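Written below as structure tokens is the structure these notes are about.
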Amino acid sequence: MALAIMCSGGDAPGMNAAVKKFVDYTFDRGETPYLIYDGLEGLIDGSIKKAEHRDVAGILHRGGSIIRSSRSPRFFEYEYRKQAFENLKKHEIEGLVVLGGDGSFRAMDTFSHEFAVNFVGIPTTIDNDIYGTEYCLGVDTALNTIRDALDKIYDTASTFNRAFVVEVMGRECGYLAVVSAISSGAEICIIPEVDFNLHVTEQKLKQEIANGRRYILAIVAEGTKMTDKVAGWLQMELEFDTRVTVLGHIQRGGAPTTFDRMMGFDFAVQAVDHLLKSKDLNKVVVYNKGEFGLLDIDVVTSKKYQIDPNLLSMLNVLD
Amino acid sequence: MALAIMCSGGDAPGMNAAVKKFVDYTFDRGETPYLIYDGLEGLIDGSIKKAEHRDVAGILHRGGSIIRSSRSPRFFEYEYRKQAFENLKKHEIEGLVVLGGDGSFRAMDTFSHEFAVNFVGIPTTIDNDIYGTEYCLGVDTALNTIRDALDKIYDTASTFNRAFVVEVMGRECGYLAVVSAISSGAEICIIPEVDFNLHVTEQKLKQEIANGRRYILAIVAEGTKMTDKVAGWLQMELEFDTRVTVLGHIQRGGAPTTFDRMMGFDFAVQAVDHLLKSKDLNKVVVYNKGEFGLLDIDVVTSKKYQIDPNLLSMLNVLD
Amino acid sequence: MALAIMCSGGDAPGMNAAVKKFVDYTFDRGETPYLIYDGLEGLIDGSIKKAEHRDVAGILHRGGSIIRSSRSPRFFEYEYRKQAFENLKKHEIEGLVVLGGDGSFRAMDTFSHEFAVNFVGIPTTIDNDIYGTEYCLGVDTALNTIRDALDKIYDTASTFNRAFVVEVMGRECGYLAVVSAISSGAEICIIPEVDFNLHVTEQKLKQEIANGRRYILAIVAEGTKMTDKVAGWLQMELEFDTRVTVLGHIQRGGAPTTFDRMMGFDFAVQAVDHLLKSKDLNKVVVYNKGEFGLLDIDVVTSKKYQIDPNLLSMLNVLD
Amino acid sequence: MALAIMCSGGDAPGMNAAVKKFVDYTFDRGETPYLIYDGLEGLIDGSIKKAEHRDVAGILHRGGSIIRSSRSPRFFEYEYRKQAFENLKKHEIEGLVVLGGDGSFRAMDTFSHEFAVNFVGIPTTIDNDIYGTEYCLGVDTALNTIRDALDKIYDTASTFNRAFVVEVMGRECGYLAVVSAISSGAEICIIPEVDFNLHVTEQKLKQEIANGRRYILAIVAEGTKMTDKVAGWLQMELEFDTRVTVLGHIQRGGAPTTFDRMMGFDFAVQAVDHLLKSKDLNKVVVYNKGEFGLLDIDVVTSKKYQIDPNLLSMLNVLD
């Protein structure tokens, strides 16, 4: 049976590990692996290649994705989806593994209802905001990249009396911000899921400053658009010399951590196993309580990820 | 209630996160935290200090342990254990959290049977070789330190035709070696748990070399004492220019990863919660399938850790 | 003779190496080293301590400065400068080593003209913008921190079709931006010293995009305040999905590189040697063509640093 | 004019920067660049390719060398050197840039005396042991890789009472060992150039241990073959629990530092400029006192590198 893999949407560390394992393991199972380059755009344009071992040699330690990714407005049009299907048919590809997030899964859901394509999603986004799975590929690397930046800021913070505002990724989900704030001991954490009361915090911080606090670290999730506001407030109300760092796409790069490599392998094996054995269509591989499972694509895309309340409570302890 | 924390045996990244959380959380619970410096040696000598928040400020990103550790031959003698108990009694310490491995837990087991001390162990060793828990504090950081070294070696390996033998820690347990070999794509992995058949591997590698292989990476667990033998074999039998790296204590150092900080926090909270609520004596906090639990110290110290057979099978795929 | 060391203004990696060497080498020379904590603020408030070897043990690998730093508006007033001098006199401190930048040297110049204090400056600022010296302590570490961030961005850039704008430090000096742009192969570099012609660049880039360019990296020096403008232009005129990273104070942190440690040592030795042997007052240690020298503080503070035109020409080759 | 570049002997970080600049700059000068793959072996076998910009895109941050390297016993035979020359003639290559060390330069010296080939060497070896140049490409990256390892060991060292022996590269030259020992504050440094007197050191260390020293770090240059002896001595005579790390080829890998990238660029520009303008044959580009120059290949290969006595004296201060 011919199986193909592609990346879709924002890239994340660990994609290369999943791609490599997909190729090696599909061969091990006696089947034929294909690579689709440039995501949905490449699927439409026919950038599809029968994979060889050498295509995926020496890629485990590389960030990004060797088969690249894309966002594809064209894929919203039936005509292009049809063209994409024709490309798959030409190579007799019966199963498709897609590394991506919510949006990509929704696109594939539509696609797989229209055409005879079996699809398995691997949740891949550093935002960690996909319903039904505790872990999305790439999150561990992103957290450690943020940590490294915060450790560097701590060096300079402890030298001086200063406030730092660090903006991390997270459009609708504060996961990266919350874990980073907890693990770096930040004083302030602002995320989309929680209303932040500057007045309450102000009281508390003024008390601490009176007791000798000389350093404030605030982590802000990008999606809140609060970075400049918080910086201004620290400067004006608390009278701290305040500096802003916006980490941006650094968070998507870097050599994947050991955990993201192992998870990339495991996700790929789960996906291939499912495509080869099951008639059950259109699933997403999920990881919960240390074990892998499968969820219907409909369930994953129709519900909204909720951040673990235990995490939020660890945060409350801090601020 | 007064509670104390100490480190015992080899140090591991994440110890400082656990120590900090122990202090902060014990205060949150309205109790009194103590720090015991220099492990069992310090317990005997009375290096015990009532903790303040400031003792544990700014330590999250540091490797090692700010309260240090030790190995204590004296603790094998009853007389010194009695002296240790007197020190605890002097401060009215009723519960003791110990970060350490097998040997430390065994020592505490003896101690807690002789004297009225309640004890909770936090499995802390980069070897990941403690029965009853999938994870020991420090392992994730060690794996990433090894990975970073292997990625560097890969750079030079791909330039040249060469074989590399890298010795990693693991006295009786090949966990670090196996995960490192899988996640770096090593061709050879030698661990205490598995007999390694050089002849079978030789056939396979000679075939691959004939097909163009220009690079061999072998990971060897320290406990096998096979490093020099494997290097000699690669040089003589396979005629590869062979270089040896012995990572040694680099693997115990470095800023702890985000995961080890979060685990350090969680382990500490579990330990304090148990000491405060339960009459059930002498437990070890364990982590399995994504959840924390408690095991009797007897169970943990009387059984031998077995490496996950699924991990070993991932390895077989590779070599 | 009693000598003291202090840090002033923004901190920079390598300060701890200089502080350690100052202490150790002053002892070696048979004299008495003092530490002034919290910069000019501490000098005014008398935060002065006779140094011991143990004060500076284990600090070589730490970022920031263990004796901290400050900016001191009070020092602009004669009354506080007088108080500062009284503090030095109390400890019989005859020579003062100051790690800092232009502003700090100017403050010390005034101070040393008013009171009987001999002063030696060590140029310390990651901006590398002090007249008369090719190198300021901390620059090498900052460059490598930026490089590490750009390498991570490159990973994600090569996966996707995108433009990245990265803001680096440099108020009036584009040194960090220029060297970072050259060594990362950036397509655009915007610095205070050079007028940037978006139209010329636009022509050139549009040509390259037509030829297949899928990735644009722009480095912008903070002092130009052009970050948002360039990002908007890339998005609107060149129609690239554009992302912004503002590195901020990450650039001041991190373990100092080997070069910054060695330079910290050498700068400190030069400073102490000069204070002990010479009656020539108020100098700055400079480093040019691989050799150390001394310049009058007046010369250093009255002239403006000019970026090396050879560096700028390497940049022209690129864009 | 057609020019070619090749790497020879051990690889070093920064090679890719030099290769990229060679290609880009040769084009800028209106000439034709060639790449020779696999070093002298490739030169013999005709692995020569006319370079395009795309061959060297995206390689600045990679360790190793994309055109690889080799050691070539065949090149000692006239017959193969003649074959190598025929390959150059076929492509009308008139000038050759070689990144390598002493041995490679000697081979090229012979070659260029026999055949009409103009040759420029770029000193490239992490050992920093080439006569006539203060700096060899790759040294700065290697020093920082060692530093990173020593910083990690320091973490664990400060937790425990222990001695560490770290073996670094350096066959006949102690440069890496000496600079690493100075910049990490090591207590012992053993290099080929200096006889080490264990008895003197023993006295001194025993004194310090009596005064409370709990940690000993020894750096040993590989070429001395003293690693095990020193470890045994620390264990037996000083009774420290002693651990050995052999860094090995980690030191050759890793993303090149900013300095090695800039030096790679500069070395390449110097080499190309010389080949294009001068009739003066067979030179090595050297770097001294912050400036580039050229030395006759005979001078470079006939004399022996001497380590800077100032460096050695900094070491004496420490131990």
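Chains here go by letter, A, B, C and D, matching the order in which they are written, and residues are numbered from 1 within each.
Simple rule for what comes next: a contact is a pair of C-beta atoms (placed from the backbone, for glycine too) under 8 Å apart; a residue touches a chain by one contact, two chains touch by 3 or more.
On a predicted model such as this, the values are computed, not experimentally measured, just so you know.
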item: Equivalent-chain rotation between chain C and chain B, CA atoms, steps of 5 degrees; value: 180
item: Taking each chain's C-alpha mean as its centre, the one farthest from chain A; value: D
item: Distance from the mean Cα position of chain D to that of chain A, given in whole angstrom; value: 40
item: Chain centre separation (chain B, chain D; CA means) in Å; value: 36
item: Between chain B and chain A, distance of the C-alpha-averaged centres to the nearest whole Å; value: 29
item: Residue numbers of chain C (touch at least two other chains); value: 151, 154, 158
item: Topology of the chain contact graph, where touching chains are joined (line, ring, star, complete, other); value: ring
item: Pairwise chain contacts, counting only pairs that touch as defined; value: A-B, A-C, B-D, C-D
item: Residues on chain C engaged by chain A in the complex (per definition of touch); value: 7, 10-11, 13, 15, 62-65, 68-71, 145, 149, 151-162, 164, 166, 241, 243-250, 252-254
item: Sites on chain A touched by chain B in the complex; value: 17, 20, 24-25, 28, 58, 60-61, 134, 140, 143-144, 146-148, 150-151, 154, 158, 179-180, 182-185, 255, 257-259, 261-262, 265, 288-291, 314, 317
